[in-house]
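Next up: some structures, all given as structure tokens.
Each of the next two complexes has subunit A plus one more chain, namely subunit B in the first and subunit C in the second.
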Partner chain A sequence: MDTVLTNTSTLFFKINPSLKFILISSLFIVYLFVQNLNTMIWASLFFLILYYFVSGLSGKWSFWFVLITLIVSLFSASAMILFGKGSHIIYHQSLILITQESLARGVLLGLRTFTFSLIGMIFATTTLPVPFFYSLMQQLRVPVRYAYGCLAAFRMIPIMAEEFMHIRQAMRVRGMTRQKGVKAFCERMTRYTITMLAQSIRRAQRTAIAMEAKRFSMTEKRTYFYEIGWSRNDVYFVIILLLTVALGFVFSSYFPLTPYTNVLDQ
Partner chain B sequence: MSLNDRESWGVTNLRLAFPKKKSMLFKDLSLDYHKGEKILLLGPSGCGKSTLLQVLSGLVPDSVELPMRADRHAIPDNWGFIFQDPDTQFCMPYVDEEIAFVLENRSIPRSRMHKLIQHYLDMVNLKLENSHQLIRTLSGGMKQRLAIASVLALEPDVLFLDEPTALLDPKGTVQLWQTVRRIGNGRTLIVVEHKIDHVLDFIDRVVLFNHDGEIFADGPKETTLARYHEKLDDFGIWYPGVWNGYEEKQFQKSDGTFGELILELNHFEVLHQKCVKLSIEELMIHRGEWIAIIGENGAGKSTMIEGIMGLLHTKGKLCWAFQHPEDHVQFVFQNPEYQFVADSVEDELAFSLRIKKMNEDEITQRVDQSLERYALEEQRMQHPFQLSVGQKRRLSVASAMINHPDVLILDEPTFGQDARNTFALLDLFQQLRQEGTTIIMVTHEMEIVSRFATRTLTIDQGKLVKDTLIKSNKGARRLGYGFDEHEHVIF
Partner chain C sequence: MSKGKNTNLRLNLSDILVTIVIALVFGLVFRLLGPVYDLVKPFGLHLDALLYGIWFIAAPFAALLIRKPGVAFLAETAAALAEMLFAGSGGVINLYYGLLQGAFSEAVFAAWRYKKFSLGIASLSAFAALIASIILDAGYAYLPLLAGWNLILYLVFRVIGSVLFSGLFPYALVKGLEKTGVTQSLRPVTKEDYNVLK
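On to the complex of A and B.
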């Protein structure tokens, strides 16, 4: 994870994580109710630009991420495009029915998926887990047991990734991979699951005991190594985000690219 | 000052059972200790020493709920606990955050934290350029010292150590005990350990347990150990001079002649993420050799054998003398659990035979043979994960050997094993080698290298730097312990 992120000193890393979390999640709700195709087009464009400037991912990762997101969006769009209802038929062949209305709805759906992923990644790639959970405890009063529990879980991820590699190697050595077919595949998955679950449960239990042995208490008052506060950056962040959203709406009314202002109506 | 004047803690008439077990782990067990004492608990694997340590610290029953009862259960106010596994003692990703976690628990003001973190790191001699370093980039030994540092942040009077070096290499072990010795000054130490070479210096009292979880000896170090010396072998304890008691089987170490060439490497490189992690100019391996691969941590020993097994990307010439190397070469992982693929010991052994579509009669016969040879008959229907550490290791070797491969490659097979299991394994490898199996193993244990290996390969910074044939013949020794009259290894 640490090699993936490029530079952790940019503006978006310095924002109060709780504020970022709440604003970003409210964006999800905002775009859930946007039915105007034009707004969605502009919004995804502006968020793509924003993502390009603030994302903490290095170039190569960023490129692949956007590409994969696009493909996923295409899939979610295609379901709507190919089988939707509508009166202006563009293409009809047995089960497949493409209409202008379904095309508009599909594109909107695809763009929504795309925008959601971008927004999510803007958050995920500029927020480090430790400050995030400290902020949740300090600003949003999240109980310490959940916060430290999640932090301990984060520590497990690289360990589990390494373990997965080992198991994969072991399977190869044991000849598991030489068996072909659906049954063998299922068996292999069962093995991965059992082994990883057994290891993880054991690890989780040991870690929990170790934490209690270090006098971790879920109820007593504690001090914090990191104090997450507020700064001018938070104001900049709010302005940037509002501007991006507002631009999307403004452009959609002044430069409508399509006639579909409400895809549900037509 | 008499002992009675000092603060003392412990349990009296402890009764404790594991759920779903018929017999009790402890029945009326009492153990008392005083402030400043340095105690070593010794006993066979599975006798309950670690559980007792958790009872003494109050982790049982406060954190680990086990049915227990005791007439008296006195827990010290300030204690710290160091566990066996270096990877599961931490909950934060970075070194400084981990120590800070303890300081937070103690409600230490934030302004004092940075100074204290450095103070505790200095105490365990953990020299890092920047204390904000990822814990997973540390070696096992450094992790354990960090565990001590974070426990020291509790300012404990009593320290419980539960086999802290079981998963460390020899160098890490030495450094850890040096640290414990230094910080142990003025503190009470209660140690459970199987490798006691470096522990004995600073211990003053030894408590011995038998297989039933009863204390049968308790007293000053010198007299107790002298009196029950032969028990140490029984328990599989690594004590100084344990190797002298181990009698190797009669064998000709090496007269310089080996069988035919079975593996040739030429300008061989192992790659990881497009970087060359290991390179070998030229290497020939012959039938019947016992090759020990040695080197520092992270030098590339495991990389080398993984490369040879084709588990990593390689460049250059890697040429086996077999048409289908996968049928002739077997690999045993450091952690046996990763390679278990079945739900019972029996199926685990039969697995690779079933892949080869061998007929069931022959499979049953071979499985029975293996179960007997590797002393796993009673465990035949158990799930591999339920076995003890030693049994797991044996099963992993047994399932690799069931195909009668020509080459057996092992990644630190004696790691984390007690002395008894180690010797039994070595006897077994010795027997396999005499039957013509080539053994290639990564190891840190120099005694194994000097006693068994016919050749050592030294890896340093990703390069094969030394290739030594060991010709010294220690001479014929008497047929040693560990084999019964049918040449089956006794575990």
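On to the complex of A and C.
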């Protein structure tokens, strides 16, 4: 991730991770109940602007991500556009039936998926795992065993990657990579998955025993190496997020781009 | 262990860590499969619904492996959280789907009081997760507004996919893992284990 992320000192990195997590996940509820196409158009635009300013991704990565996400989001709406119900027919050939209603619904669905992807990306690229799980323990009172379990698990990813390379090298030495056919492929996949899962389980158990041996499960009087607190940045964050959401709603009522204010109406 | 019969069914640190590590592996798999899933979408014929089943795998797999209460829910939720942190496609949506799917999967194992871990129960738990995903999709993706034949195609594909990828597949995986002997130290002690000692 280090090469992908640009600058970890911007505002969105300094926000309390729990606050960011809760507010960003609650946006799901907000936009789940938006049936107004105009609101969704404006909201996706404003979140795109927000994403542009706060995303931790470097420019080139960021551009491709947005483009691909937009295309993919519209793909996901294709079923609704091509085969949805509706009465004002635009195009009809055998099974394909594009109506104005289904087109509006499809575009809304696509934009909704796009907005959620952007929001998810804002969160994922500006949140580092260590402060995030420390904050979950301190602010949201997530039991220490679960939070530290996650942290320990994150540390195992590089080990797993190394193990994957070892298995591949071992297979190459034994000529397994040159075998062709479905059976050989299945054999290779089984060897990868079973070996890596078994090793991961054993490693997790060993780690757990080591943690227990150091009195890890002790719950009272725990101190933390990183103290995650609150700052003025949290206030800025709440204001920025509320402003982005509010602007979407305000613009949709003053500058409606389409006549579809409720796509569920027949 | 000496306090009574139920104490060995509580999750200890080792169970939690094993579950989370497995969930993280699946979170990574979900993240890598996301683009593949998105690529088969554009035809509107729901080929993606066949693949959808893979996203239910964490709960049945963990439950079959560790066989304790709460493991299925924890695994599916942690996998969803991991996918979100890895910036998977869909972002925040994943977390809600993971929470509900995990809860529904868990309910199936709970209904049999965590005593039966057969292929049938695993498939049923995948099916329960499927119901959870459909409940969310009905609101999120306006499922009822699709043309009839298209909706049926979608549902049939999802059922096939979920039973195949999250019922059969995890069962086969756990069977494979049992051969390595790694499961013995994970599961709670059963009556048969005590009988061996007699």
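Here is the rule we go by: the second predicted complex is superposed on the first by the 233 of 266 C-alpha atoms of A that agree within 3 Å, B and C clash if a C-alpha of one lies under 4 Å from a C-alpha of the other, contacts with A are read in each partner's own complex, and residues count from 1 in each chain.
Going forward, a contact is a pair of C-beta atoms (placed from the backbone, for glycine too) under 8 Å apart; a residue touches a chain by one contact, two chains touch by 3 or more.
Worth saying up front: this structure is predicted, and the values here are computed from it rather than measured.
In the superposed model, A:Arg215 makes contact with subunit B only, not with subunit C.
Of the two partner chains placed around the shared chain by superposition, subunit B is the only one that A:Arg172 touches, whereas subunit C remains out of contact. Between subunit B and subunit C, the partner in contact with more residues of subunit A is C. When both complexes are overlaid on chain A, the residue A:Ser253 reaches neither subunit B nor subunit C. In the superposition on chain A, no contact is made by A:Thr10 with either subunit B or subunit C. Contact with neither subunit B nor subunit C is seen for A:Asn262 once the two complexes are overlaid on the shared chain. Shared-chain residue A:Ser231: touches no atom of subunit B or subunit C. Touch criterion met: A:Ile119 reaches subunit C, while subunit B stays clear of it. In the superposition on chain A, contact is made by A:Ser102 with subunit C only, not with subunit B.
Legend: residue contacts after superposition of the two complexes on their common chain; A:Ala198 is shown touching both subunit B and subunit C. Comparing the two interfaces of subunit A, the one with subunit B and the one with subunit C have residues 129, 152, 154, 198, 203, 207-209, 211-212, 216-217 in common. By the touch criterion given at the top, residues 12-14, 16-18, 20-25, 28, 38, 41-46, 65, 74, 78, 81, 84-96, 139-142, 145-147, 149-150, 154, 173, 176-177, 180, 182, 185-186 of subunit C touch subunit A in their complex.
Note for the complex: subunit A touches subunit C at residues 24-25, 27-28, 32, 69, 72, 75-76, 78-85, 95, 97, 102, 105, 109, 112-113, 116-121, 123-125, 127, 129, 132, 145-146, 149-150, 152-154, 156-157, 160, 190, 193-194, 196-198, 200-205, 207-209, 211-212, 216-217, 264. If you check the complex, the residues on subunit B that touch subunit A are 57, 59, 62-64, 80-81, 83, 85, 87-94, 96-97, 100-110, 113, 134-136, 150-151, 154, 306, 309, 311, 326, 330-331, 333, 335, 337-341, 351-352, 355, 385, 399.
The touching residues of subunit A, counted against subunit B in their complex, run 2, 129-130, 148, 151-152, 154-155, 158-159, 163, 166-167, 169-176, 178-179, 191, 195, 198-199, 203, 206-217, 220-225, 227.
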